[in-house]
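Take a look at the structures listed below.
After this come two complexes, each holding chain A, first together with chain B and then together with chain C.
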Partner chain A sequence: MRIETRRRWAIAWLTGPAYLWLAVTIFLPLSAMLYFSFQKKGPFGKHASEFSLKHYEAFFTKGYLQDLMWRSLEMGFHVTGLCILIGFPAAYWLARRIRGRWREALFLLIVLPFWSNALVRVFSWTIVLRPDGVLDRAVQSVIPGLPAIDLTDSYPAIIIGLVHSYLPYMILTCFLSLQAIDESLLEAARSLGARSWTILVRIILPLAVPGLAAGSILIFVPVIGSFFEPRLLGGPKGTVIGTVIEEQFTVVSNWPLGGALSFILLAIVLLILAVAAPVLKNHMRTT
Partner chain B sequence: MSAVDVRNVSKHYGAVTALDRVSLAFPNGSFFALLGPSGSGKTTLLRALAGFVEPDEGMIFIDDQDVAHIPSFRRNIGMVFQNYALFPHMSVFDNVAFGLTVRRLPRAEVRQRVTKILELVRLDGLDRRKPRELSGGQQQRVALARALVTEPRVLLLDEPLGALDKKLRQDMQGELKRIQRTVGITTVFVTHDQEEALTLSDHIAIIDEGRLIQVGEPGDVYDRPHTRFAANFLGDANFLSGSVRDSGIMVDRLGYIATTSPLPAGEATIAVRPERIRLMAPDTATQDNRIEGRVAERVFSGASLTYTVDTDAGPLRVLRQNADGDVIDIGDRVALVWLADHSVVVED
Partner chain C sequence: MNQARLTVLVSEGAGRLWLFLVLVFLYLPILVLAVMGLNDSVHYTLPFTFTTRWYEDLASNERLLQASFNSVAVALANTVIATILGTMAALAFARYRFRGRTVLQLLLFPPITIPWLIIGTSMLVLFFWTGIGRGLHAMLLGHVALSLPYVIIVVGARLASIGPDLEEAAASLGATPFQSLVRVQIPVMAPGIVAAALFAFAVSFDQFVISYFLAPPGVSVLPVEIFSAIRKGFTPEVNAISTIMIVISMTALLLFARLSKFGGER
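Then we have the complex of A and B:
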């Protein structure tokens, strides 16, 4: 009994600071934002606090907000999908084909973008993608006379920038689950008559699902809320729900609408996770 | 006819020679043990049969087809891995059915064959479990069922019982033998456990440093080891060296030791198994080989006792069944007596 109580105290002491920190940095600001989202007006000027649902209603009545939300989700799917298409093979190659020093060196290259400022990275892409930019010149030098490539202020530019920023997450999470696959499993499959393609589809992919899922969540969630990549790379075409939310706080000072949209975004993310959870749980249990 | 025939197979890893011109014929339906210490090349040989290692030289015939350079998935082999290598995301049924579904057999046939093989390994009723919900012994049976269900031409076992505790290992040895006999499949298994090799197999190949040392039936290899290494690795042995005279050797300070094995000219080494030596009173007269010594050490292991006896040619080990509960005291003088038949001439 004494040991039991002492253990409880130890747990409280050891975990307490972390929970306190989470409460101060996440729970408090989030509750404040939730409070504002149900206010008629923001915390500026002198007016009494007044409960209102109008900012939530705004989302359902104003079609363009729904369009922008849809646009953001679409962007999230596109970026996540491309990250899987590029990241999974890269992770496979790193985890199963490359050994020793080379692997460390390649890992460094993958993590390198994390060391530079995100804004600088995005601006670099504008230099690459503009007409007469790096990409244009490179293509022209190979095939002269081709029409100029101009990706400035375009949807593909946003996607390229976002994929570049978030790809490392997919590579790292997939790498971890691919590396955990015992080589003897693949040999067993081969001895039973399976060719490479069958082994990939029936053994490797199912066992890599946890990595793919973790990577997808780590990418999808921030991408649908992103705002400076769409704005800098998409220009006038780069309006998404993220940029609208950001403007509510920085430009038009409509905190309640910004808050309401943020919580709708959060609700959609939670909904998607809830739908995906049973499938993932099933897979996690097996590995 | 040999089901599997290995001819002059060599494999090098950089400067290391894993297999050095190994030739070995595995008779049809045999239960063949590859025995050797770790790093001897026995696993490399098994993996070459499986197709995971491509030999640098030589040929590997399975049913008269040279498969040395044919990929694993086209060899029609069954393999049980040391860690079982069960697919963790599949049920027992799906694991066993894998080889059949890969071959695109109709579902009804898959179901029927999986059910039948699970009965053979006595796992019926567990087909919906996941591998991690099974005990070590049950996982082993799933691995065996999965390897056998495709009716392969040869079954390869890589230290199949290494991960099990002693009691379970003995049970599984019996099971393995029963299943192998029922199916009648040529089986090659790798082990470093000499007892396992003797119990399970009907043929043993002793391998060391990539070379084949000796092949034969367990009794022959045990009774007539060709080399000092074979005598020492399969069982325990005492060695006596001396110059050849008539049908025996003269050992320094010890005298004449007779043997019935053919002797080389000059010097020779004789191996004697500890259990072939009888301990007698020091004044016993006998026609057999006889040397005297003093008991220096006694190790009690239940059913038997091992004595170390100091003789003029050094310490010799003697194994004695604990049949009558008689124990010889340390320091007692004894005579060590054995038949000339049990003096086996070995190469150094």
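Then we have the complex of A and C:
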């Protein structure tokens, strides 16, 4: 009995501080936000608390908010899709065709930019994409006389910046699942006469689904919640649901509306995770 | 040369070219950023004329210096707190099987997966409401919360690879639990702890979103300062400070990679 009590104390002392911290800084704030999203007004001045659904109603009655949410989702699909198209072949080559120290070095090179500040990387794209910037100059020198390329404040600029930010995630997760494929499986297929294309579609792709799914979630979720990338790279054209939520807190001080929109966004994220979870689980079991 | 051999060569070349292009895409803007920090033109125009004046100007830019100091101070405090608390929790998970263990481990995911925008604004709401307020202390509260899950996962992975054998051996040879902790467990955990600390430092040093919502006017950290510079107009000085930031965080990751044997089966 004494050992059992001591054990309990040890667990409480070891985990208590970390989880108390998380409670105060993550879970309490989310609860406070949920509470205020159902209030008529934010915590400014003296007024009695008053339950209200009007901020949730606002989303369903104001068309432009739904448009912006849709725009954010669309942005998420575009960025995730491009990351798959660019990242999967790169991950495949790295995982299956390159060996030894080279692979290690290249892998590190691909994840390294991740660790430079996201904001700084967005800033660097504003310099590359500006008129008379590096991209413009490079294109002009190859094909002179082409109209000037100015991607400042445009949707493509936002997409380029976001793909740049999140591409390493896709390469990383695809690399991990591709690396785990047993070579003898592919040899067996080859010896039975399967063509490279068949092997890719019937064996490699299905086995890479967990990596593709994990990468997609890791990219899609932060992209639909992004705000400073669209703001800095898209300018006036960069309004998405994320920038609207930000404005409720930094400019117009309508915290309840910001909270309601945040929770609608979070609900969509959870819905996506719920849909993706069985896919991930099934594949984990079969592989 | 036969047909099959040619196909292999072509696809081999295409694959390498693709990887090379991906690397160019990832590094080009960062290189441009660094090079323009060494270029004399305020308007980022070519031809390139080498200068170190933007770096020299940094030395007299009070705002940026203060923000850098704040950034480093918050990141260091964050590293110490998150590493200690996280290592403790990781030890509990590695040593004990208890009710609620799985739930506690699952609770590590919300701070990683919920968009920072939502976490940051929620913190703003609660801290304002309860009187904790905004400022460096609030940022520290937030940064530790974001770092903890990573520390617990990284140290936990190291502990899992060690297993309980050493601890049992120490106990059977008569070490007290304290001796076992200090003389046996902490030394074998050390690479994991240092790796987690570097990770925690980078999480805080690079964190923009949380800091942005918790920064009151007049108090800022580097990323917040850079953000307002980008919006209000900037000079290559911002490139200079950005380059320094990139070098610092990339060095942290390289050290982390060495310590945690990350990304390769050595």
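To be clear about the criterion, the second predicted complex is superposed on the first by the 258 of 287 C-alpha atoms of A that agree within 3 Å, B and C clash if a C-alpha of one lies under 4 Å from a C-alpha of the other, contacts with A are read in each partner's own complex, and residues count from 1 in each chain.
In the analysis below, a contact is a pair of C-beta atoms (placed from the backbone, for glycine too) under 8 Å apart; a residue touches a chain by one contact, two chains touch by 3 or more.
All values derive from a computational prediction rather than experimental measurement.
Visitor: State whether A:Val142 touches chain B only (first), chain C only (second), both chains, or neither.
Guide: A:Val142 sits against neither chain B nor chain C.
Visitor: For A:Val24, using the defined touch cut-off, is the partner it touches chain B, chain C, both, or neither? Pick first, second, both or neither.
Guide: Only chain C is touched by A:Val24; chain B is not.
Visitor: In the overlay, answer first, second, both or neither for which of chain B and chain C A:Ile3 touches.
Guide: A:Ile3 sits against neither chain B nor chain C.
Visitor: On the A-aligned overlay, A:Ile203 touches which partner chain: chain B = first, chain C = second, or both, or neither?
Guide: In the superposition, A:Ile203 touches chain B alone.
Visitor: Which partner does A:Ala189 reach: the first (chain B), the second (chain C), both, or neither?
Guide: Only chain B; A:Ala189 stays clear of chain C.
Visitor: Between chain B (first) and chain C (second), which, if any, makes contact with A:Val251: first, second, both or neither?
Guide: Once the two structures are laid over each other on A, A:Val251 reaches no partner at all.
Visitor: Return the chain, chain B or chain C, that is in touch with more residues of chain A.
Guide: C
Visitor: Quick check for you: in the superposed arrangement, does A:Ser124 touch first (chain B), second (chain C), both or neither?
Guide: Second partner only, chain C.
Visitor: For chain C, which residues are in contact with chain A within the complex?
Guide: The contact residues of chain C facing chain A are 12, 15-16, 18-19, 22-23, 25-30, 32-33, 36, 44-46, 85-86, 88-89, 91-93, 96, 98, 104, 107, 110-111, 113-119, 121-129, 141-142, 144-145, 148, 152, 202, 206, 208-209, 212-213, 223, 226-227, 230-231, 238-239, 242, 245-246, 249-250, 252-254, 257, 263-264, 266.
Visitor: So in the complex, the part of chain B that touches chain A is made up of which residues?
Guide: For this pair, the touching residues of chain B are 50-52, 71-79, 81-83, 85-89, 98-99, 102-103, 130, 132, 146-147, 150, 156.
Visitor: What does chain A use to touch chain B in their complex?
Guide: Contact set of chain A toward chain B: 182, 184-185, 187-195, 198, 202-203, 206-207, 283, 286-287.
Visitor: Name, in rising order, each residue of chain A that touches chain C in their complex.
Guide: 7-8, 10-11, 13-15, 17-19, 21-22, 24-30, 32-33, 36, 42-43, 86-87, 89-90, 92-94, 97-98, 103-104, 106-121, 123-128, 130, 132-134, 137, 164, 167-168, 171, 221-222, 224-228, 232, 242, 245-246, 248-250, 255, 258-259, 262, 265-266, 269, 273
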